[in-house]
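Each chain gets a letter, A, B, C, D and E, in the order it is written, and its residues are counted from 1.
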Amino acid sequence: EGTLRIGMTAADIPLTTGQTDQGGEGMRFMGYTVYDSLIEWDLTSADKASTLIPGLATEWSVGEDELTWTFKLRDGVTFHDGSPLTAEVVVWNLDKLLDDTSEQYDSRQAAQGKSRIPAVASYEVVDDLTLTITTNEPDATLPYQLAWIVMSSKANWEAMDKDWEKVAMSPSGTGPWKLTEFVPRERAVLVPFEDYWDESRIPQLDEMILIPLPEPNARAAALMSGQVDWIEAPAPDTIPAMEANGFKISSNAYPHNWTWHLSRVEGSPWNDIKVRKAANMAIDRESMMPLLGGLMIPAKGFLPPSSNWFGEPEFDPSYDLEAARALMEEAGYGPDNHLEVKALISPSGSGQMLPLPMNEFVQQSLAEAWIDVEFSVVEWNQMINLWRAGAEDEAVDGAQSINFTYFIQDPFTGLIRHLDCDLIAPNGTNWGHYCDPEMQALFEKIKTTFDPEEQEAVLQETHEKYVNDALFLFVTHDVAPRALSPKVEGFVQAQNWYQNFSSITMAD
Amino acid sequence: MALTDTTGGQAVEPAPIEKPQGYWSGVGARLVRDPLTMICAGVVLALILAAVFAPLLGLADPYKGSMIARLKPLGTEGHILGTDEQGRDMLARLIYGGRLTLFIGLMPVVLAFFIGSALGITAGYVGGLTNTIIMRTVDVFFAFPSVLLAIAISGALGAGIVNSLVSLTIVFIPPITRVAEAVTSGVRALDYIDAARATGANAWTVIRVHVIGNVLSPIFVYATSLTSVCMILAAGLSFLGIGVRPPEPEWGLMLNTLRSAIYVNPWLSALPGVMIFITSLCLNLLSDGLRSAMNVRD
Amino acid sequence: MSVTETYAPSADTGGPGQPLLIVRDLQKHFPVSGGLLGRTQAKVQAVDRVSFSVKKGETLGIVGESGCGKSTTAKLLIGLTEKDRGEIIFDGHALGERLSLKDLRRGVQMVFQDSYATLNPRLTILDSVAFGAQVQGLADPKCLARKMMDRVGLDPNRFAHRYPHELSGGQRQRVNIARALAMSPRLVVLDEAVSALDKSVEAQVLNLLGDLRAEFGLTYIFISHDLNVVRFISDRILVMYLGEVVEVAPVDSIWAEQAHPYTRSLFSAMPSMDPDDRTKEPPLVGDPPNPINPPKGCRFHTRCRFAAEACKTKVPKLAGLSGNADHLVACHLHDAASGHPKAGQGVPA
Amino acid sequence: MTKLLEINDLTVRFSGKRTVHAINNVSLSMEQGETLALLGESGSGKSVTLKALLGLLPPKRSSVEGSIHVNGTDVLSLSGKALQRYRGAEVSMVFQEPALALDPVYTVGHQIAESVMRHKGVSKADALSTALDMLDRVRIPSANRRLHSYPHELSGGMRQRVMIALALACRPRLLLADEPTTALDATVQIQILLLLRELQKEFGMGVIFVTHDIGVAVEISERVAVMYAGQIVEEGTTREIIRDGRHPYTQGLLAANLHDVARGARLNAIPGAPPALEVKPDACPFAPRCSHVMPACRAALPPMVTTEGRRRVACLHADAVVAAE
Amino acid sequence: MLTYLIRRLILVLPVAFGVSVICFLLVQIAPGDPLTAIMPVDATAEEQDAMRAAYGLDKPLPIQYAIWIGNLVQGDMGKSIATGRPVAGEVFGAVQNSLLLAVSAAVIAFPIGTALGFLAGYFRDTLVDRGVTAISIAGVSVPNYWLGIVLVIIFSVNLGWLPSMGAGPGGSSEWQWNWEHMRHLVLPAVTLAVVPIGIVARTVRALAGDILSQDFVDALYAKGMSRVDVLRHVARNAAATALSVMGLQLGYLLGGSILIETVFNWPGSGFLLSNAIFQRDLPLLQGTILVLALFFVAMNLIVDVAQAAIDPRIQRT
């Protein structure tokens, strides 16, 4: 019933051909709506952290060699164009991303998808509904990786003269929503796919319209003047006015953090665990709340406290200035001997929340513990480059930390990529050049523990080490706020980057 | 010495030595008699002085905020003009903000005035091929509307004070050059230039003594009329996020960062806009006043 | 110390017999651009084949209709406009050979018509007058300027620090004269120097010019379109038509007989001053033709009552009258060999 | 028969940045069909007199006193439609700079026709044919083509002919000509003067011809009024003025004309310059420049001495000077 | 007239060439890597190189320019890095929307500005004049992006009369001439019109004042013309200059609407440009600027020709 108009933060409609761009928001609105992946996130509950569930694959298992995975596909799934989903189509989709000699190779989708499945070495059709995927080394995180990869229709691509440009205008997936209208940068109209394989997820709405509205105030004004029914990431200061006018604010914990990634190169003051702990304890996270309109979860570790992988770390980074100062004194600093550090921050950036005021707050807090922070403010794009370049790069100009917000939804993005010795910049995104044998062993263990429950235990152990060693400056977690018109009903905000829109209805 | 009186009686009355009244003192006198212009000059001067001597005014630290004291309304004790989204004192930020705003609002015009005048006077006086080269190049820049050019250059260079200065200076050189060229070739055609050349003076002397003095004031008046445009544009760049970077106080940027506060405290978030408006209004009026004061012939 | 003592013109080199200025075959064509690519399409033949000489101490008057090239000639003389062709010889030295432009400008000065436009509005009178002397590196230019101002009847104490707009037209023209004289020139070119002035002021300035000429031994080229004024001040008169010299003669001679039909028309066009004998017929019809494409042959033939076939093709030469070699005229009627039906008979009455 | 023009005690003062007493108690009268030259130096108030006659002075910045009657109509009391009917039909004007007095963006034909249409209420076509006829009368060659020319396409003399055609198109009773030949060459000037003379006879209108050139006045007019500092200092027939100018200023002007002056002789120039008229003159305004000045001249305005007929002189020496000659 | 037209057209060529060079160089001076924005943040160096080669960013500058200009003359402005779609299509769609906005603003601004300017010029130095001068100075002094925000708060958020963003309901930009769509135009067009109102009023005032002080106005009165007639003459005299000022203003409106388009989320060229800047989408940035600049050049040309056509004083050979 009804039309839901959504104001996105993206400046453009995400890539419609399959593998989306525009980060998490892209997957949220154009990935998991129009498409499905073999393995998906469970988005039905608001109360617990989401876990992986079967998607287009109904079951999967790894062989004795710990390298070959076998996937059984769901029977009877059809694309919006009517063509059936088969193992051949899945392989075709993987080639689209990984095999640049294949006809269907699409550099734009590959740019988005390839790096998500580093473990995949080869794949093969077994029968119509069975395929195998072989990894280059044992890697138990493959299911998480595959949750990134969505399946587009091969038949549609062929019908569109094998031209991805044309596919973009009229794409076809297996997802609960069909794209019927697409005006770049302006709007995309999604309607329910009545033949969706999961009847419980057939959308109740007549239409869902996506509108890019990158400017926060334009979003707020659009919502309040009734031009859209839903906006992503309302600016905190607009929230009271919205609530006063009857708009609803929906928010929930999800795997996203706002942190200072610390440099561990030689000479960095952050190499001293006392300093790291002191800094963590110097921040009064509760006092930061008003700045964000209460829409934050104070960090107690790298992952949100509600995460299944949080574990039970001994170190509690909660505010304790006395303790912090004591630690600093132990480390050789004091009121007359401040520690001077340089920090990279950026004035804006996707998902960065309110980087300037938040960083200034951190700066003031650290000053209380005799840590004087000098900011090096760079533009967001530049910041990404510096982040890739690593702490040792000249361009970083001696900065000893970088302020970043991380998508931490799976073992790789959540834990491994930040501290793996093999991913030290520029090979990967271990910005701080951290390398610790113990940690390395834990990462190895994650990849080789194929039993989900055991794996969870290892992940917890890893995160405990993150916290106990105070490897980051843990500050806060975003809660993915969105403002909804009072007419929007039935939305359940999952603890995830992605959301389920099928349950939503519009009141009259 | 015996001179025949051909003077026609002018020397009849005793001749008191007349006080030399220079051109500029004349302009000054006319300006002083123009109340509106004087008020505007006062406002602009006050802003500039406040900006320059901001540290001596005993203001709050414009960079130091407090999360508890965010977005306090106007008239709050200790924060007459309230506080911004980070709890920083608005009065202090507006005054310190004047520094950067006026700097990147006025400096490009000043730079462009010197560069453009030099180019335009050269083109206008020398003429010929030099003129063609300079003016055709200027024509190309004229093909870009000023806002577009400023945004394009700033957008390409990225945010930052220096980049803003560079892009705005580039934007304002062509119009000033064009005016300078037009004025100079106009003056070049006047008889007094011929009269000066007829004395055997070289080109540089003629330019220095006879051209510059006469072309500089119209160019200057024109340049002053650009200051308000430049200031609005500079603030616009910051507003777009390609001008001054946070956390520097700058009116355009403050306008931007306070935009969402409009729902909390509309008056507060209007303040930077009001400052820009008042300043550019005064600059415009000042420029008009200057124009009429410099017009010797009436 | 009197003004005369400070007046230090360059030394006379050729003796009194040597003309102060000889101009030969001067030509200036201004390009007019137009057409598709803005190329030069036509030329304003502003000055063509102009030759004359000026004796030391005499005043040569130049008359002619508007646009006939009087000012251009004047500007060519002091190099303000670059000549296309021709020779300028000042006191025996040819410009460009033994005479530099700067030296020429020291010896020849000019007073322009529009007294206002020739003064820099941003300079005080004193600075304007002293500028030339300063440029030429003369000693104490300010003092010299004050003396010159005094000499032309402007009390330096009152006027030195004024600006041009604070002066009347007559006073400004005095300033212009003072400025020219501050350079101690030997030849002064006066381009319509009194035309813009009221009659009563004009008389004052003419008196002044006469006095100065006597005092400093000046030579004048006096350009005007007022025949009465030219007659009053000149020794000889040169008549121009469309960029060319049509007649040159001593004043009395030309007043007695205008040898060229154009000159005659010009003289007849003067208002009569006798209420009982007013002009009956306009001596000429129509406006002067456009100098962009002047008529071929004798340029006056389109308006000349006596024009014959020869006039349309053949350019008349400037030559002395048979009875009066000082009286030069360029007309086929006076040239027995011209082929004009009435050649050699002179202009009919 | 009513007088063509009757000006009584006209006084015009401009206020604004500077106060200028431009016209001071000027009285003047003209018979039908008479030509009068208004002679005087720059700033003596000639143009202002003509503008006052047409009600063209800027109403906010000028104050006008006295009276002006043209054919019995009180001009100063006219306004609105009546004023429009009067201007151009009863009295019309030829300006000094025809290049400036013609609207540059309309063809000359249109500009003449416009006037005809307004006063005669005829159709545009008829008005254009009247315009064509007028252009013919002022001897413009190939008038048909010129009808569609813009002012800038014409030479100076041609433009002035157009101005005259425009002014005469509605057959005014009085033509005001403000230095119409000053900007022209001598050869063209005489053509225009003769043309005006001829047209004046043909149309039988009165003409006021403003000039500062005595020679021009002689060529065109029967009578001459000499103006100085906003006053008429002498009036008489052209012959009287030329042969027997009585006011020292008139004499000075005659001498300055250089007609019949020996070459190189010293001129008998009037020294000094006219007064600025910032205050209303309460003595003879010419006194500071006059060589015959007496204390009485500086004490009060000299009376206007009317001698035989309509001849008058405003000078205490009016008779004495004659004796001295 | 035809020769004039052709000559003006020929004169445009070097300017257009210069414009293309500037547009091309403009993005070359940009620091940073244009691909940053579109690659997933953790893309490898190898993947980045592949991307770079795919976009031809690995070739030397002159060659890049030659390729770019070569494609350009064939109507191919390259593909947007961010969206992969052809730049030409994106830009022309956006320019249409901007043009709609600019023309609407012009339709509001020019008559109002002209009327105000005429009034002020005619009633020079009176209260009317003062009032108009005040309005026009305020108009050119107001930062219009700020004014836009204020108008949104008043008319969209508080009063709810007019929409605050977009070019049509539901973000749709398929323009239709109905109230549903035109409502969206009101606020941005009015905001954008404020500056040109000021400028046109000032220009027309000066023009009218100048013309009214010319001799021919006296001459018109002298031949018995009424005030209305005189005003007609004044208007005709002012037309050429006023028109050229307005033509240029229209160009400025088109090129200068970027701030307003950002405030109102108007899917025009300015909005596109600001996206291109923040995404470092070089081909798009180049293309947008180029099209806008060329449009401006064309506008100048039209203005010149129109001016020559209505003003007999301008040489038309």
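By definition in this document, contacts are C-beta pairs under 8 Å (C-beta built on N, C-alpha and C of every residue); 3 or more make two chains touch, one makes a residue touch a chain.
Just so we're clear, the structure is a prediction, and the values are computed from it rather than from any experiment.
Steps from chain C to chain D, minimised over paths through touching chains, total 1. Averaging Cα atoms per chain gives one point for each, and the point farthest from that of chain D is the centre of A. Here A-E and A-B were compared by C-beta pairs in contact; the pair with more is A-E. If you average the Cα atoms of chain A and of chain C, the two centres end up 90 Å apart. Look at where the CA atoms of chain B average out and do the same for chain D: the two points lie 50 Å apart. The distance from the centre of chain B to the centre of chain E, with each centre set as the mean of the Cα atoms, comes to 24 Å. Once the centre of each chain is set as its mean CA position, chain C and chain E turn out to be 55 Å apart.
Within chain B, the positions touching two or more other chains are listed as 7-8, 10, 158, 241, 259, 262-263. Annotation for chain A: residues touching 2 or more other chains are 217, 379, 382. Chain E has residues 31-32, 149, 153, 157, 262, 278 in contact with two or more other chains. Across the complex, chain B meets chain C through its residues 1, 3-8, 10-11, 15-21, 23, 190-192, 194-201, 205, 209-210, 213-214, 296-297.
Put simply, chain E touches chain D in their complex at residues 214-216, 218-226, 229, 233, 236-237, 239-240, 310-313.
Across the complex, chain B is touched by residues 2-3, 75, 78, 80, 101-103, 105-106, 109-110, 112-114, 117-124, 131-132, 135-136, 150-155, 157-163, 165, 170-171, 176, 179, 183, 204, 207-208, 211 of chain C. Chain D meets chain C in the complex at residues 41-42, 141, 155-158, 185-191, 193-194, 212-216, 218-219, 237-239, 242, 252-253, 255-261, 263-264, 266-271, 273, 289.
Chain contact summary for the complex, chain E toward chain B: residues 14-16, 18-19, 21-23, 26-27, 29-32, 137-138, 140-143, 145-147, 149-150, 153, 157, 251-252, 254-256, 258-259, 262, 273-274, 276-278, 285, 289, 292-294, 296-297, 300.
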